[in-house]
Amino acid sequence: MAQFDMPQSDLERYAPEIDEPGDFDEFWSVTLAEARTFDRAPTVERIDIGLTEIVVDDVTFPGFGGHPIKAWLTRPAHADGDLPVVVEYEGYGGGRGLPHEKIHWAAAGYAHLRMDTRGQASGHGTGGATPDPVGSGPASPGYMTRGVLDPHDHYYRRVFTDAVRAVDAVRAVPGLDPARVAVAGGSQGGGISLAVAGLVPDVVAAMPDVPFLSHYRRAVSITDALPYGEITKYLSVHRDPAVEAQVWRTFSYLDGVSFARRARAAGLFSVALMDIICPPSTVYAVFNNWAPGQAEPVLKEIDVYPYNNHEGGGDYRFPRKLAWLGKII
Amino acid sequence: MAQFDMPQSDLERYAPEIDEPGDFDEFWSVTLAEARTFDRAPTVERIDIGLTEIVVDDVTFPGFGGHPIKAWLTRPAHADGDLPVVVEYEGYGGGRGLPHEKIHWAAAGYAHLRMDTRGQASGHGTGGATPDPVGSGPASPGYMTRGVLDPHDHYYRRVFTDAVRAVDAVRAVPGLDPARVAVAGGSQGGGISLAVAGLVPDVVAAMPDVPFLSHYRRAVSITDALPYGEITKYLSVHRDPAVEAQVWRTFSYLDGVSFARRARAAGLFSVALMDIICPPSTVYAVFNNWAPGQAEPVLKEIDVYPYNNHEGGGDYRFPRKLAWLGKII
Amino acid sequence: MAQFDMPQSDLERYAPEIDEPGDFDEFWSVTLAEARTFDRAPTVERIDIGLTEIVVDDVTFPGFGGHPIKAWLTRPAHADGDLPVVVEYEGYGGGRGLPHEKIHWAAAGYAHLRMDTRGQASGHGTGGATPDPVGSGPASPGYMTRGVLDPHDHYYRRVFTDAVRAVDAVRAVPGLDPARVAVAGGSQGGGISLAVAGLVPDVVAAMPDVPFLSHYRRAVSITDALPYGEITKYLSVHRDPAVEAQVWRTFSYLDGVSFARRARAAGLFSVALMDIICPPSTVYAVFNNWAPGQAEPVLKEIDVYPYNNHEGGGDYRFPRKLAWLGKII
Amino acid sequence: MAQFDMPQSDLERYAPEIDEPGDFDEFWSVTLAEARTFDRAPTVERIDIGLTEIVVDDVTFPGFGGHPIKAWLTRPAHADGDLPVVVEYEGYGGGRGLPHEKIHWAAAGYAHLRMDTRGQASGHGTGGATPDPVGSGPASPGYMTRGVLDPHDHYYRRVFTDAVRAVDAVRAVPGLDPARVAVAGGSQGGGISLAVAGLVPDVVAAMPDVPFLSHYRRAVSITDALPYGEITKYLSVHRDPAVEAQVWRTFSYLDGVSFARRARAAGLFSVALMDIICPPSTVYAVFNNWAPGQAEPVLKEIDVYPYNNHEGGGDYRFPRKLAWLGKII
Amino acid sequence: MAQFDMPQSDLERYAPEIDEPGDFDEFWSVTLAEARTFDRAPTVERIDIGLTEIVVDDVTFPGFGGHPIKAWLTRPAHADGDLPVVVEYEGYGGGRGLPHEKIHWAAAGYAHLRMDTRGQASGHGTGGATPDPVGSGPASPGYMTRGVLDPHDHYYRRVFTDAVRAVDAVRAVPGLDPARVAVAGGSQGGGISLAVAGLVPDVVAAMPDVPFLSHYRRAVSITDALPYGEITKYLSVHRDPAVEAQVWRTFSYLDGVSFARRARAAGLFSVALMDIICPPSTVYAVFNNWAPGQAEPVLKEIDVYPYNNHEGGGDYRFPRKLAWLGKII
Amino acid sequence: MAQFDMPQSDLERYAPEIDEPGDFDEFWSVTLAEARTFDRAPTVERIDIGLTEIVVDDVTFPGFGGHPIKAWLTRPAHADGDLPVVVEYEGYGGGRGLPHEKIHWAAAGYAHLRMDTRGQASGHGTGGATPDPVGSGPASPGYMTRGVLDPHDHYYRRVFTDAVRAVDAVRAVPGLDPARVAVAGGSQGGGISLAVAGLVPDVVAAMPDVPFLSHYRRAVSITDALPYGEITKYLSVHRDPAVEAQVWRTFSYLDGVSFARRARAAGLFSVALMDIICPPSTVYAVFNNWAPGQAEPVLKEIDVYPYNNHEGGGDYRFPRKLAWLGKII
């Protein structure tokens, strides 16, 4: 069925119960505190790639475990004053790519940091340069089940920490305005931006597109597409109910819904109703839980693409986000 | 088989015989002369899309039959003097898209014209706005067999003419250097750029990536993938040998190999050895025939991607082309 | 899921609300009036294809815009008196084919007109010979979205008009009984026959099999199969909600449900419960709306094939229709 | 690869060595002699299916083992004199279907017998009514490997015998001309017609389209499509080289190439170059061996469809065969 | 959808109405009585396959019609006293395979009989040696529709009878304990074990994994996967409602649900929630009907694999069954 | 094409040139020496899984880096004297599974060690328990490209070392005969056994089935199936020719062909001619290079399965290997 998930009217009301561990906040505060003990300043190295209107820096900053994380920082060549910043995270299997690729924010007067994803960058696109120096227990091909038996060991604990540290890093770069940092990303990048919005509540905005890494149990029950299907694969092999319980417990520390509940920033989402990779109910589960219980409700909007699969909003998103963010930042 | 076409060493020597009609040049000189009777100047309308470093114009110029053809023209915001120009054509099913999408050439100090493809712009991406007001005889879904029984009626006669007129158009825009115009494009866009290079020999360079629209008979015999497969589909229905002969005759006026023989510009190609959409032998058939018999051989290079399918060189191409073109232009 | 649409009991009650524009009738009365200004008599040319029991005429009649539309007219070789007529329309991508193919009605004592479909006839089967001389705006490969932004421009406005004119044409051929004309067709041909039944209420019967071109919004939401999927494709690219609204408005002039409401003829339908091309709910939406509110209810029947996909009733249909029509005509 | 088999020029010369057992002729003469001991006359029962120009008889004749085999016999309603006859065999999984379906030969003044295929008639189409009352050893789903360990037990020994007896049957029906019997069929029906042509040399013509059941070893090596793939499946399970040898020995009594060598009738073939079900080399292996060594060479022709898969010539075949047979019969 | 059938909570309550003919018990008592008139003792022939800890016998016993049915009987080499027995049936398309394959029960101190499946053993695995000497009417490729128009003729009447006779056979072999016989099998083997449990109520336990051959109508409506899809295929061709009724009547004598209602043995089931071959609702329909209405409820358990397709419990089943059966036997 | 690789006669002669680095032997001698510095004795812990004829030990031994590697050791319950040993490695994505699964060698009087594969054990089957505590640079999903830029970092350097240490481990277990150790495995397990045979020349036999991890460049050029396709994926992203060269250099330390050249043990191979996972030419490249230049040629045999895909010989292999090894050991 083309629009295979719930009807749109049900999606708009969808508020599932999500398991959230009691020590969720402690888990993450300890994690980030440890990471921040590696307090090297980011290295920022100008490179020449032949552009005349945009300048590019090759950035390295300390992520989880102090591991060096790579990123590209692009800025307009003719800027004055401290720039607002968009930190962007990449989709599953991708990396920071080549330095010239994502220059739209810079062309619009923003600074833009494009963070590499540790250990990935080899599934499509133009690669990256950040290792993940941590091994794992038995895992399915892919990244979803690395360290899945303990939230401390899980791959995305490291990635989310890298992503928080990317915000820390841009706030330390001269010429960028630490008070005006937004996060963004599509698919996995959207999921990471959710985590950052939950863990760094003072970012000014989050702009996740068709976010991944949310409401895992629903996802696994409704789609067998990868990468959620990596969890299915793992559980199809490791069938001890105690193991299954541990797997879901691990993901309960990594769920976009729980991050959404802690977010305080404005949110601009997108969702596609024919998206079998990141099913719309998993996206609405996040959106409907975004930044609740504020004295002054935050701005949150979601753009619905009824006829699209996981390409989501594609290139329609940049002008939409540029206009939206311009009103906030 | 992954590398399903000829071995690389055979590809490099591949010089097939291609049917070329005796009146090929006359056909095209008459076609272009007719189109140029519609000699309206292009309209160039500045639009604001929120970019600070790049300026964008919405361009309309007269194409085949004088039909209005849309394009985006992007330039650096801070340029001095007449700019060199890259005219780019789009892949099959795509269109000129949104104005912010392809700003890399502008960010590097070039003017860049992105031509819409008449009647397409609805298969992927972000659309376009150029109708094809001409009907056709019975045809398979798609654009390949519209008007296939007479080269005068064929869809690509119109598209190639539009593409030539795009070069004419940029040469008439103030601030652009008419002596430094290059053409480029991937897949269908590569095929169109081949046609322009053959029909407008004084462009300074052509940069076709994994070009389509070349050596049709070989393509149909070796791949059943679309869009070459549209020809197969048509011929699977219309089986009269006289019809088949007419179909091949029509394509003989539209073959990238014949355009290549007439090219005089420098050429930078790319080819992927696992490309089932535009099989490598059809690309080499063009490259090996590029701009022959010159007193001073033109610069021609081909980048080979042994492990790629039709994504070809992807984002690796822009820095490669930027560096290469910088040496020429 | 094999029977993926609603349960049979729900299908039998399915009466969805369909958008119908206020000027639907005016739109079509104007359209037909214009077409009928091209009032040439059909040309009827006897051809010899080696059959001894059946005679065949090559028919050309004026369709939309007066464009020449081709058809085959077959009759028994030994007939006396004016014959009842079955006018048949073809499935998507097909054409009138070869003159010998559909001789069953003639072998049963009927005249049979098999109308070519303009611009198609190249997707399967044995072809056709009727161009569609009208161009279109940007459209997905196929015929569904040609002219989709204005009902006046839409491809099926022309095809439905051709189909009405086919009835006009057979009524003008000597030896055929203008009072005993039925329409029939499968898939697209079924959808066209619905349109004719709504636009020419005095046909004596309509016999649509697994009809296409009905309840487009439901179809697009429940199946991603082509050709309904061409609409999905178009809307996945052209995402402006105003464009989407215009697309649905255009189809509201072309919906089998609205034609069904205007039908007055007896109806014999078929539907297949595993049909992913023309989902059963879209067929029942038509059937349940067939010829409502008559003083004397019309005969309407639907044959259900629970275990079939889009092959529907296949060759079981002819004897069923022959027996059913024999009671009416 | 689209045209995946040999180049056309190699196909035309392709003359593979085929294993043929020394007792091939004895095997078949004993088989047919046994079958003919069941010498009941066919029952011929007129049925009324509402056609006015064609008459239909429900025929039952004794096949292999004297088992009752069903067929439809159609004739023109207004015929004079003894009619020439075309005996037609069906494709794999099909049956004699409904009586009205194949009336083209009758409409052209021929008698036409459409033989049911024992035990099949349940894979597509409209069925049949002939059991195969013989069991088998372990076999893959389908009919190819039933009795595969002994040519006496093989399913096609029974089918080919039925097919020969069908010719015997029509020669015994009043109103048909026993001296003017041709055989025809597509795919499996083509393979069966090859067998009959080899076993009943005095039929006047054979018209196999894209014939199956020929050059089995080549087929299995070049395609994994069903039904040849049933042999692959069987051999993938039963791997004893002695079993494999026995399998090939069994098929050596059933190979269209050996039947071709014994044919004396005129032959009209068709082949499709993109046919992955019945690869073109297996068809040419038959055609190139057709009726060799005659004092006066027989007429043999092959129509090549370069752009078709197993649909072969489709509806283009009947007019072609009608014209060709008209010159012979 | 990954978990495509009902939610787990609905599955646990699922109690569909199943058609059961009034003469179900008579049908089977007559069938078994007839089969038992062939009262030859099983032949038991020791073979040497190089194992030192396990002994293997090649067993032949009379099945339906007295036809010889093959099986492997394995036992520990060092056993004392009469052994408990597990009789196991194979999955669709498989056979008894090679004698060394299933030695786990023997390695645990049990006797184990692995029954061949007549006529199959050629779809995967390592084969078998038991013919099915009975022919059939028209049937789809496969075994599901052989004899489908009369329960007396249906293939599974023969197979289920063989399976009952396998229990009779092991009860006649010296060294085995006739009072401690359990039945087991996966998929088709599970379905067969259900039948035996219903027909031989004094087996001590049944251990069906992801059983096939149950609740056919539900299966056909919810999945189009083979082998249930063979029924769909048959009914898609044979469309007379009377034929359809007869098909369902035939299967009503062969339905696992009806056998479950007659079972008296302890039952250990498994089901997989992503199983598209044997959908979970068809398994629960059996489990929820298992051995009802006993004075003392029988032990019945079902293991649920939420993330598995038709591999079900795979190798997890043997230790689970060994432990469970150890408590019973 | 079914048999898609070279013809059998070419395969038997296929002797490709393989790049082999000059320091291949030093690389491995250093690697193994380092690993052997972790010289803990294996822990061997008896577990009870309910078998009466077989005893099972849970073994842990130090692998690469001294990391603990798990394995199951099975033996006959009633054995006398030191047992010959078969060490077996698993296929890609699998692990040591459950302790009862592979008991055939034990049932035949052998000891059998089934080594877990570090970090895998989550793709199919029943899992495992051995982490891979080493991280990696950017890599495609899977294990093939982890550490692919330096042979010291590559995943298979660790796995092959584990495998050598498994042989060391069994040689240290009381009751096993260190002079009679053979290695075996299918697919990845076959590839690993090749490596061990090259690195531990005094094993008495190697029995690789359809081995993987050999002649990587050929594999990548001829198949796009996983897991070789992981290399393709990586190279499709990382396109710098220097990177490509480094990738092939890394694999040159890991190629089964180079290990074969160093083998001295008897070899029993199997190959399947329709194997698209491990194409037959890559298997013959190993077999044709097996243990060359010996004064007394070693016994080497290869069993060819012409009609099988990657299931290769399946269960046919154990009896074949048991008989063959019995003659050697």
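Labels A, B, C, D, E and F are assigned to the chains in the order they are written; within every chain, residues are numbered from 1.
In the analysis below, a residue touches a chain if its C-beta (ideal position, glycine included) is under 8 Å from a C-beta of that chain, and two chains touch if they have at least 3 such contacts.
The model shown is predicted, which means the values in this text are computed figures rather than measured ones.
Chemist: Between chain A and chain F, how many steps is the shortest route if every step has to go to a touching chain?
Modeler: The fewest steps needed to get from chain A to chain F is 1.
Chemist: Work out which chains are contact partners of both chain D and chain E.
Modeler: Correct list: C, F.
Chemist: Shared touching chains for chain A and chain B?
Modeler: Under the touch definition, chain A and chain B have C, F as mutual neighbours.
Chemist: Using the average of all C-alpha atoms in each chain as its centre, how far is it in Å between chain B and chain D?
Modeler: Distance between chain centres, rounded to whole Å: 50 Å.
Chemist: Rounded to the nearest whole Å, what is the centre-to-centre distance of chain B and chain E, using the mean of the C-alpha atoms as each centre?
Modeler: Going by mean C-alpha positions, chain B sits 63 Å from chain E.
Chemist: Hunt down the residues of chain A that sit against at least two other chains at once, touch-wise.
Modeler: Residue numbers touching two or more other chains: 125-126, 236, 316.
Chemist: If we use the touch criterion from the header, which chain pairs count as touching?
Modeler: Touching chain pairs, listed by label, come out as A-B, A-C, A-E, A-F, B-C, B-D, B-F, C-D, C-E, D-E, D-F, E-F.
Chemist: Where on chain F is chain A touching in the complex?
Modeler: Within the complex, chain F touches chain A at residues 93, 95, 119-143, 145, 233-234, 236-238.
Chemist: Which positions of chain A touch chain B when the two form their complex?
Modeler: 49-54, 76-78, 97-98, 100-101, 103-104, 106-109, 125-126, 314-316, 318-319, 322-323, 326
Chemist: Spell out the residues on chain B that touch chain D in their complex, using ranges where they run on.
Modeler: Going by the criterion above, the answer is residues 4, 220-224, 229, 232, 235-236, 239, 244.
Chemist: Would you mind writing out the residues of chain C in touch with chain E in their complex?
Modeler: Per the touch definition, chain C meets chain E at residues 1-3, 274, 305-309, 311, 313, 316.
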